[in-house]
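What follows is subunit A paired twice: with subunit B in the first complex and subunit C in the second.
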Partner chain A sequence: MSYVSDVRALARKDLLLELRARDTLPAMLLFVVATFVVFHFSLPSGSSKLAASGLLWVAIVFTALLGLGRAFVPEREQRVLDGLVLAPCDRSAIWLAKGIATLAFLAAAEVVALPVFALFFHGISAATVGAVALADVGICAVGTFLGAMAVATRARDLLLPLLFLPLAIPIVVGGVGASVASAPARYLAFLALYDALFGVLCWATFEYVVAEAQ
Partner chain B sequence: MRAVVRPYRIPLPALAGASLVLVTTALALVFFVVPNDADQGFSQRIFYFHVSIAFTAYACFAGGAWKALVHLWKRDPRADLESYVAVHQGLIFGSLVLITGSIWAKISWGHWWLWSEDQLVLFLVLFLFYAAYFMLRFSVDPGPQRANFSAVYALFGVVLIPVSFLAIRIAKHFIHPIVFTSHVTSNLPGSMLWTYGVAQAALLVLAYTLYRVELSGKRIDARLRELRTA
Partner chain C sequence: MVRARKLGKRFGEKRVLRGVDLEVERGGFAVVTGPNGSGKTTLLRICAGLALPSEGTIEVDAPRGAIGYLAHDPLVYRELNALENLDLYGRLYRVAERRERIGMLLERFGLWESRHERVASYSRGMTQRLALCRVLLHEPRLLVLDEPYSALDAPGAELLDGQLGELRGDRTILLSTHDPARVEPLASMKVAIA
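After this line comes the complex of A and B, so read on.
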């Protein structure tokens, strides 16, 4: 089997699992809408539009965290990861497939979340949508990677936000910048740079995360 | 894992002596020799320590990442512990950067914390990142998996440093005067420059000494444990 078909088979497995069990996506949708309602009440009346734009990014990062925390749970509970590591495929394919599946969930949640945000707060610019798309790639690349590490530790669910949030700060900077600045191109380029750098780093080092003891 | 003494290593007492002499010289220079800064007066003297500590912390993080790379690449059994100790020293010096920066900000601008200071904000991000390194390391049982996780995470750190720095730079919506640009040397007069040089050397040697002390302590600890289980 080629690399592409490995990735496709693994991603298909995750999407099918979600389609049948519906564990993650409904939770993410409910969470993001509930967060918006909380934000509405935490913004005093007369707050600027800019504040709401910033909060959109908080909601996205935390919704993503919710999905990422679930990403490797089936692998852990059923000990699927042992099987995957034994399978004759490149180990980075495991990361790539999981990242693609998580990206699909996050994108699906945002397809609902962004219109809801527009309804509750204010309209969304094309630059914001572009920034969300670019940020999703970075969030899923780094988050899936860290998720795989976090499930192997004793602290598990506790650890992922601690590992992920410092790495998500540049994404939030780029995203908020693209949402509020009059010239968003620079921020979009920054997000693309982040995706490229961390994408390559995760792809190259994932093998060591799932490697058997040697 | 047998503790191997590398022949080219400088003996620890010599290192400790060198750091004692250098740190004393640096303190004497900073407090008694170098003239007051024209704008900021006496309080500017914290600059010699603040900036040197910051550079030393970067050096520690870079050293930790280098050892992490050696671990992943060459499978050197010593590299994991060396990487951890370097990151540990980096976190200690990083905390000192936050403390000295905060004191300097309070004296110069009247606030303990300023979001407009790039270097301080960057160190806050790095502090959070490397604090999570310890959370990660100590929630995995000792062994190859822990070594791999730590190494990979330390490598993420050196990519995060420039990316975060860029992020903090572009996050500014207003122009803020930069007191110390990347070429510190160009806006410092002679005596200030070599005072800074001595302070920088002192802190680098001090950090290396502390690194070696901690490393040898950890090695003895590991060896003792090995003997106990044997």
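After this line comes the complex of A and C, so read on.
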């Protein structure tokens, strides 16, 4: 129970910080809507539905990257991570709470982004919504883990995209596949497998990431 | 108890700490002195378990949750208020009767009236007082204090003198300062780093 209450306390703190500072969610919203507007005018008229589906996933990945880049900013600014890692709680609670908060911001951005996409391009299928939900979990699990690694380095703004984007390729493959395939089940299963595999891996190894990050 | 043998630390090519020996018994009070850049902060971070030595060995007779570490940075969130910051730490450090203890510390350090204000609006001295509340909140067995008097005004410094006097003998204390005369009456040993 103490693990759950640690995660709850840390995630609540992240949501409270965003409520006060309002510097992550508005930026993500503005970015994703602006991206769709740019894509709308840059995509030649008569382009296929397949091309537009690909752009949806490009926008989602880069919007997530924007949020992930800011995830550990409050900890970095005041070196609060030192205080958190000295606490007797399981250090993976820090990763899980940060991942949940980032997931909440990404989901909130997508609540606006998906209808905007439907408005500019084409309707969204249930399989696409399912794929987006599954992809969000994987993006936040891996991205939060890499964000904690990058935050300790001087080249953190450069390092996070360099580490994250190669690992996001399977998410894009699964997401685009689920959006355009006539039988999306295997792509959704692929995304769920990615979430499970990387979720467990990040949860089990986060302890060493923050230990090294000091 | 803290025991270090031939402790050294490198950051890449740069050596910031070399051959430091240190032995502080349980309940001891060690004052760490040295010029800027001599490695005082690095030594304290190693003792707190926040950094690993490149050379030598370190033994610390206190688990992670029993260490109170005061850094140059206050380790508190600027967009949260004092109560919210201490409540978060109180939960993570499993502080019994958390609210009462937070209230007592805020009263003692003169922050009760400003407990609902965001830390971003605090002066440097008030932030340092809050950082001291954070360090003392879970009644740590080992206190690692890196220049705790910095930014404190005269009443704040006297308050800290009183706190250290109360804790002396009961807790192990490692404290770095540029003004060793201030804590000399309390200290049981002095560690000078060249």
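As a convention for this text, the second predicted complex is superposed on the first by the 210 of 214 C-alpha atoms of A that agree within 3 Å, B and C clash if a C-alpha of one lies under 4 Å from a C-alpha of the other, contacts with A are read in each partner's own complex, and residues count from 1 in each chain.
We take it that a contact is a pair of C-beta atoms (placed from the backbone, for glycine too) under 8 Å apart; a residue touches a chain by one contact, two chains touch by 3 or more.
No experiment lies behind these values; they were computed from the predicted model shown.
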| item | value |
| --- | --- |
| Combined model on subunit A where subunit B meets subunit C, clash or fit | fit |
| Which of subunit B and subunit C A:59 touches, first, second, both or neither | neither |
| Touching partner for A:106 - first (subunit B), second (subunit C), both, neither | neither |
| Dominant contact partner of subunit A by residue count, subunit C or subunit B | B |
| Contacts of A:141 with subunit B and subunit C, given as first, second, both or neither | neither |
| Touched partner set for A:6, first subunit B, second subunit C, both or neither | second |
| Touched partner set for A:165, first subunit B, second subunit C, both or neither | first |
| Touched partner set for A:20, first subunit B, second subunit C, both or neither | second |
| Arrangement angle, subunit B at one end, subunit C at the other, subunit A at the vertex (C-alpha, nearest 10°) | 90 |
| Shortest span in Å between Cα atoms of subunit B and of subunit C, once chain A is used as the common reference | 5 |
| Residues of subunit A contacting subunit B in one complex and subunit C in the other | 214 |
| Touch list for subunit B against partner subunit A, complex | 72, 125-126, 128-129, 131-132, 135-136, 139-141, 143-145, 148-149, 151-153, 155-156, 159-160, 163-164, 166-168, 170-171, 173 |
| Subunit A residues touching subunit C - in the complex, by the definition given at the top | 2, 5-6, 9-10, 13, 16-17, 20-21, 74, 77-80, 82-89, 214 |
| Contacting residues of subunit C [partner subunit A, same complex] | 45, 48-52, 63-65, 67, 69, 71, 73-80, 84, 88-89, 91-94, 118, 134 |
| Footprint of subunit B on subunit A - complex, ascending | 149, 152-155, 159, 162-163, 165-167, 169-170, 173-174, 176-177, 181, 186-187, 190, 193-194, 197-198, 201, 205, 208-209, 211, 213-214 |
